[in-house]
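Below is the structure I would like to discuss, written out as structure tokens.
We just call them A, B, C and D in the order they show up, numbering each chain from 1.
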């Protein structure tokens, strides 16, 4: 795993690039650990409180530890009318967790997302930002079992 | 110069004047919650909205520069309705405990609700509930009363530069928070209380003053801080003959050095005044112990002693340490006393210490 | 201060802080400096043995060895002279003594200064350029500069720097001592000093003496009195027999407290007037209860010489009385009647004998205080001194060589102890230790010790340790922090339970100002076993 | 009626990352031409084409550029690729099919305003587009196609509000994506307080074609007051849920029944929401409206992002709108009171209606709140959030009424 200091340093010359640094950290850690946030704040000349404010503003950034696979269910109107609610229920049932939670083994985190712009194939979920199209409750076990 | 009309009145203001100021000049004082003349503009509370004829939306007067030929209405039906709805939205989440609130009578939310006749909110529903105890002896943080004007965040950043607080999360989950929503003592907070100073409601109050007198009931006495040499102006809040708190006057005229800003000692370090350890009577040492004495006895005794030493050893056997903490008048008298009454120049104070 | 506080927020383009932990000791001035740096991009140079808060946002931070101020600034001035960054016109028109001064400074090339101070030569060079090349550069210092056996030299050196670059008499410039106490400026202005009457009129000058004899109606002594530190010494030796202490606490604030205690106990009569039974009052023969600032009228003069009103908010507590009334009563009983109706009546008398205050009235400062000199009622006051000329005419350069502090670390006492304040307490703690919230927040003293030193001594953070000097020792908690380097430890002097001045040296006084060397004592730190 | 493909003419025929491929089909000729022109003439040409922003406000692009002070030392060109309107993915399609046209368009804008630095702010939901664009920029730079003009790609992190230009700017600066008050407009003080032109992908991508074929050519396509083509994305109960590029005088009915192939499963049409989740719901009676900005405006709707969400007769309008209010509650930045509290309470009240717990009084409150949000919110998000609610109460009130207690 890359050291967060290196990840921050890689973005150091990106003007205002703390969000880019957060992306780089999240790619490795799946969330932004506290020490990493503090270090990023310092590197970008921002107070820790402000950096925390930035990190908590954006849905795709998290300051809390998350699973290895982050499953996001789109629930915007096009997916909603295509049956997103039923898919969410199926995922919750399959993983045994509620939306917003992480499985006990630390493998999966289930989140809701707004539209991910793949509306040609609703409903859509993403696993670690990779979209999976035309999902249905029945397909869920097969889809998720591929992520070990 | 810009020519515009406010409530039908033609006025002229310099270019760059915000509508808020222009309206003020035209005699229309607008309600504001997020506006603070010492802080960068936010334009977010939307209380100072006015109607600019011909525009599809209402404009926030605090952030809208006056333009030529604007035709502004400050209390039109739409404007009043918008303010009412905003107040109802704020009151829908505000913890109402005015009867025990330190800010009762000095609260902008209360004042505007009164002014616009907002008795109850049409939008009352669930939470949000943000209250979390912050174990520090200075500042009470009750975010169930917060109206998200962000004046505290801006004051912390722009006046003090402590950057201890900012916003966390977004939308209606957004709240004022330190990094990782911790306690102030673990943050970069220096407890200057500038946040308390700018809070327009009862979300941020002084724990030292709690329960000692509601803001509106206190008499305020303008004076100069007793601590360091900066010479900050502050207001002693007096209730029933006791000092119950410190606030500050933010008018440069009355607060030329600090313009209302204080430090933790100035704002929260006043209750030594009523410390039970205060000396309340003269004392005379007798048989090795200090015992209470009357003024007459103590003064005569002391004067006799001083005179005795002077007579026996000469005036230079006496000295006085006057004080860097008492007034000019007292220092003047102290050195005059030593020089004129005793006859020595043995007078000094702790300027060097 | 030669200049005013708000210039540090608005006008200074470069601020050189030396020996001032501004955000803790003058917080509101600290805010202004930070705002100027952040908002207007003012340059900031911080020189301090401790890596204080403002060092974080400084363009250059110089961590110099305590007591080497002269060498550091001489090094900077060497660069300024040799790189031609000096203000030639200003020097020519408004100063004297340059030649001899410059000769001395030539002995301090940055490499030599680096050797003495421990600051890298390139930082000294950078700091010199930054200060000298700024359009308006202000020097601010506090007790970090003055509380040395070379305190007077240090201050003169700061003046040299300002003179050399013409940074005087204009907005945003100046030599600005940040005074630590609410009315230390006023106490000096009012003649609370052994050698001067109000407005710094020398007592040894016959004309002055006559003027005051006339004003006060009695013959006066033309002999300079003793300074506070001298007086303690004379008490020790038995020449001082009676001492009247008004709102001071030498048992906490003076060097080598054990020595002070012996001296005070040696007096025939000790009179203390205070608001609390201070450590000093506990030794008194008579204690008179004075009033706090909330209980009386008057004026304070702040560090920028601004005379401001103090107003009575409440009646004195119990039987306490405003201090001016007590002095009047005492004086009258001593055979010199003093009768004033009010503080304002005293102020009116002050105006008649204090030229710099002559134009100030309570009415004029009802809202906004006025910085002296204010010679006439029409005069608006003087925020900036020396704009046209110096009080003595030409500004005088002083040729000053570096001198080592009196007590240097050795094998037995290998560390340098330096003392000061923290944000939450004030001076000897008489007030703040009794302010409930402040004391709750910072209830005990700590010694700041570098992690390397702590590791060497096997000390853990928060552990109780013993700190000793040749004068004595105290026990307090260790606070492990890189704010100090490996050779320095820092403590505050607010706490009677672990009083800093048990440790400090009463014999290392500045020869002119008689100020003790609080910033350098040789000390040792031990684990308590 | 047929599609008219301008931006997507070579879709799937060229590698979108490759500058060489793009040049082969005539790419970068527009930029060459632009660079040979005086700035003022270039701006005039764009003005004359009638090109209007393909995002929310439909502002004349050339006009917007003309507000940029020419003498400012630093200026920026920012591309808004934060298409967060649910049901919208046309900017992604343009990038995936013709990314170089976007880059060329930005460089043309740079030439017009005198900027050599562009930023593309791509939504965090499209990490693969970020990669694609970075490769495309590299390819163009390597080929020397962009000259001195540099483009940096930044990735958002899940905030719909960053589609608002000033929030987007805040986000590039590394801040919370909270909109700024205007004035000052970005054209005067935008990114890092420098004059900044913000346009979206589709707007920029039109520019090479305008330069190559001339302003008059462009002005002659589609609706006179909103000329050119528009890429639409069809979702919901429609037989062909995909994207189309059509001239702007295309009619809504044709979008649904011709290109879209009509309603799925042979059901009847109930409503269509155009422009994404912030758009109005349009009933059957208005289907013969042209899709251009002004025609849509005339029926109280908006073309917006060009998303077309079709609902069939079986759909529950209140349920759909309740879901939409949840979207706004989630995406409000929280800066201004009417939006932060309004979206929250609107969502609460809509769910109350949807759950059959609301009274007529609640419906009154909903409309009262909607009006104030529309008039008093700081940015477009709060101003548009109540539109789906108001438009459905207007056109489908019976659906609400039947759910009241």
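Quick note on the criterion: a contact is a pair of C-beta atoms (placed from the backbone, for glycine too) under 8 Å apart; a residue touches a chain by one contact, two chains touch by 3 or more.
Remember, predicted model here, so these are calculated numbers, not experimental data.
Relative to the C-alpha centre of subunit C, the farthest chain centre belongs to D. Closest to the protein's overall CA centre, chain by chain, comes B. Averaged C-alpha coordinates give centres for subunit A and subunit C that are 56 Å from one another.
Our note on geometry: subunit A versus subunit D, Cα centroid distance of 25 Å, whole angstroms.
Per-chain Cα centroids separate subunit B from subunit D by 47 Å.
Subunit C and subunit D have Cα centroids lying 64 Å from one another.
Each of residues 159, 176, 330-331, 333 in subunit D touches at least two other chains. Touching two or more other chains at once are residues 167, 169-170 of subunit B.
Looking at subunit C, one finds that none of its residues touch two or more other chains. An unclassified topology is adopted by the chain contact network, corresponding to no line, ring, star or complete arrangement.
Contact annotation for chain pairs lists A-B, A-D, B-C, B-D, with touch applied as defined.
Across the complex, subunit B is touched by residues 34, 37-38, 41, 47-53, 56-57, 63 of subunit A. Against subunit D, in their complex, subunit A makes its touches with residues 14-20, 22-23, 44, 46, 50, 53-54, 57-61, 75-82, 113-122, 126, 129.
Of all residues in subunit B, only 157, 163-170, 177-180, 187-188 touch subunit A in the complex they form. Against subunit A, in their complex, subunit D makes its touches with residues 83-89, 92, 123-127, 152, 154-160, 171-177, 192, 233, 235-237, 241-243, 273, 277, 307, 309, 311, 315, 320, 323-324, 326-327, 330-331, 333.
Residue ranges of subunit B in contact with subunit D, taken from their complex: 41-47, 49, 56-58, 60, 63-65, 78, 81-82, 85-86, 89-90, 92-93, 122-123, 125-126, 147-148, 167, 169-174.
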